[in-house]
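What follows is a single structure, written as structure tokens, with notes after it.
Here the chain labels run A, B and C in written order, and each chain numbers its own residues starting at 1.
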Amino acid sequence: MSGFLGIVRRDLRLALTGGGEMMTLLLFFVIVGAITPFAVGPDQALLARIAPGIVWIAAFLAMLLGLDRLLRPDREDGTLALYRLADLPMAAIIAAKVIVYWLTSALPLIVASPFLALILAMDAEAFWRTMVSLLLGTPALAAFGTFGAAVTVAIRRGGLLAPILIAPLCVPVLIFGVGAIAPMGGPDQAQAAMLLLAALSLMAVALAPFAAALAIDWGEE
Amino acid sequence: MTHGQVHRAITLEVSGLACGHGDVVLASGLTFSVPGGTALALRGANGVGKSTLLLTLAGLLPPLQGSIALAGYDPEDGPAFHHCGHRNAVRPRLSVLQTLDFWAAINGRTGLSPTSALDRLGLGAIAGLDAGYLSAGQQRRLALARLLVSQRPVWLLDEPLAALDAEGQGLVVTLLAEHLDAGGLAVIATHDDLALKGLVTLTLGGGA
Amino acid sequence: MTLDDAPKMRWWNRLAHPGQFVSWTTPLILPLTILTAALMALGLWFAFFNSPADYQMGDTVRIMYVHVPSAWLSQFVYGAMTVSALGTLVWRHPLADVAMKAAAPLGAVYTAMALFTGSMWGRPTWGTFWEWDGRMTSTLIMLFIYLGIIALWRAFDDQLRAARVVAIFTLVGAVNVPIIKFSVDWWSTLHQPASVFRADGPTMPGSILTPLFIMFFAFTFLSITLQLVAMHTEVRRRRVATLERKAVRGESA
């Protein structure tokens, strides 16, 4: 347990003290959301209708941005080899990294989402549903993202490839995430979408560390 | 166990080993055994496969042929190998003590406390400073401190004396001697001469 | 220096040696090609001349005889890739990764063909080249997964190391494909409750089934033939790479 917490502590320290990466991610999220009205026009009704989709796309893109700093720096300075020789299983190490990734990429986005909701003309109820759906769905994005990072960690410039690989896997998260906010079919659909989203996140967070651990071990050999 | 023995009586046995990357074979037909309390020095020209052999022994690369076994070692005791490679795994923005403490956390706190280990390696005075400011020699000392905070019987060291000054090199030899006295064993790839008693030399690169 | 000395006794082990595999399966290629060509010719003849035009869509329904088998193959090839991935990871069969690598571009082409023929079919039928219905959207995502896998193979220098990483990605993809299909179907009913395009028509009389089945077999044999040839090519490609590497290092082959 102390090893697990040690990784969480170290990665949090590195993320919080270093280079303002968290702020960059946050800014990216807000900017993507904010420039959409320039592209589609400032019509309030239209913006309110597509706002959930915009927020989710912005969140997805922002989390993709943070993928490369998950594992590549560890590989480059030799820490990944240490992880493979460490006393805790690789899956536990990856699980710790998924948690930190979520805390440093997704949580700031969720905290910043009220601002986007405001400028994209969402009403209060849609806004609360947006927060909940982001809360339920971003763990799945974090888990898939970590898996993508693990698969591409051994490739030079593989940072370009990871988003491409995990985008198809994240489509269900986007579908249910947006479906939980602005259902065309009524509140029952929102309920179903929320539950499916939660199920997806649970499954992804539970299984991704094991798949990622295998990918890392086999990629390094 | 005799007095001073920390590790059980184990032997590293290698038989018919071929190591390399993918299907490129660097060294083959290696058969040797390193009993506890002794050290094996790997010598050979650059590129002959010393580093690859150490990685294979550590389990970080799969052997292309043959087998590696640690006779007398109970897997319940945890991982058996410490590997110190060319890269020191030192990251800026973490302090020296935080770095060592992290390694102790993931490897098991079975040895010296991180503070004592830093003192032992002469880094005690800068324990609170950002590790990004360390010189190459100091980084190497920090990497070696990792060996002290977690007790593992087998040390695999790749050019441990590189970047160290004379005092540092003497310190490494002392640490190695203590490790061997405690019943551990070591495989060291080096171009230098090590003043260790009971040192066996294996030269690689005689041909595939 | 050669490192493979698999016992050449049982056929399973005989298949495990790349050189043996190539020499053992080469005599199969010509008969398979002829069989494929014959089935294709027969199926297309039936499709064009001996099957009824649809009462609603007219002659354009004949695209179905190419569209449906392509769609089936794109799934089938992914299934074969999944089995090969298991072969690489679980059973450590040496040729499983060759099979997996050879299948990926084939699957991508079949998926693209399914999308293209579906698009061609859609234009005269509903007036649009693309329709975001459940089936076509899932096929599009399938294409992205295939292309991602091909990109992943190409990104690694060492193909043997790539094999296991691609295998685990293929397996994770296989687990996710049903989830993706389910979510896309859910999404498409959400946004377009009215029109959902069905690939098979409302009724399937025998005169439609016969050419369809023949084309299914024709495409399946096409897939097997191309897969075999692709595997031979991959085995030879790796042999060439090894020889080149040895020549550079100055060793004798």
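As a convention for this text, a residue touches a chain if its C-beta (ideal position, glycine included) is under 8 Å from a C-beta of that chain, and two chains touch if they have at least 3 such contacts.
Source: prediction; values computed, not measured.
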Quick note, more Cb pairs in contact for B-C or A-B? It is A-B
Reported most central chain by Cα centroids is A
Outermost chain relative to chain B, judged by CA means, is C
Per the C-alpha means, the centres of chain A and chain C lie apart by a whole-Å value of 32
Chain centres from averaged Cα atoms put chain B and chain C apart, in whole Å, by 48
When centres are defined as mean Cα positions, the distance from chain A to chain B in whole Å is 38
So chain C residues touching two or more other chains come to 161
Flagged in chain A as touching 2+ other chains are 221
Note: in the complex, chain B contacts chain C through residues 18, 21-25, 28, 64-65, 208
Given the complex, residues on chain A that touch chain B span 2-3, 5-7, 9-10, 13-14, 17-18, 73, 76-79, 81-88, 93, 220-221
Residue positions on chain A within touch of chain C in the complex are 147, 151-152, 154-155, 158, 161, 164-165, 167-169, 171-172, 175-176, 179, 183-185, 189, 196, 200, 211, 214-215, 218-219, 221
The answer for chain C against chain A in the complex is residues 141, 144-145, 147-148, 151-152, 155-156, 161, 164-165, 168-169, 171-173, 176, 179-180, 182-184, 186-187, 190-191
Chain B partner, complex, touching residues on chain C are 1, 3, 158-161, 242, 245, 251
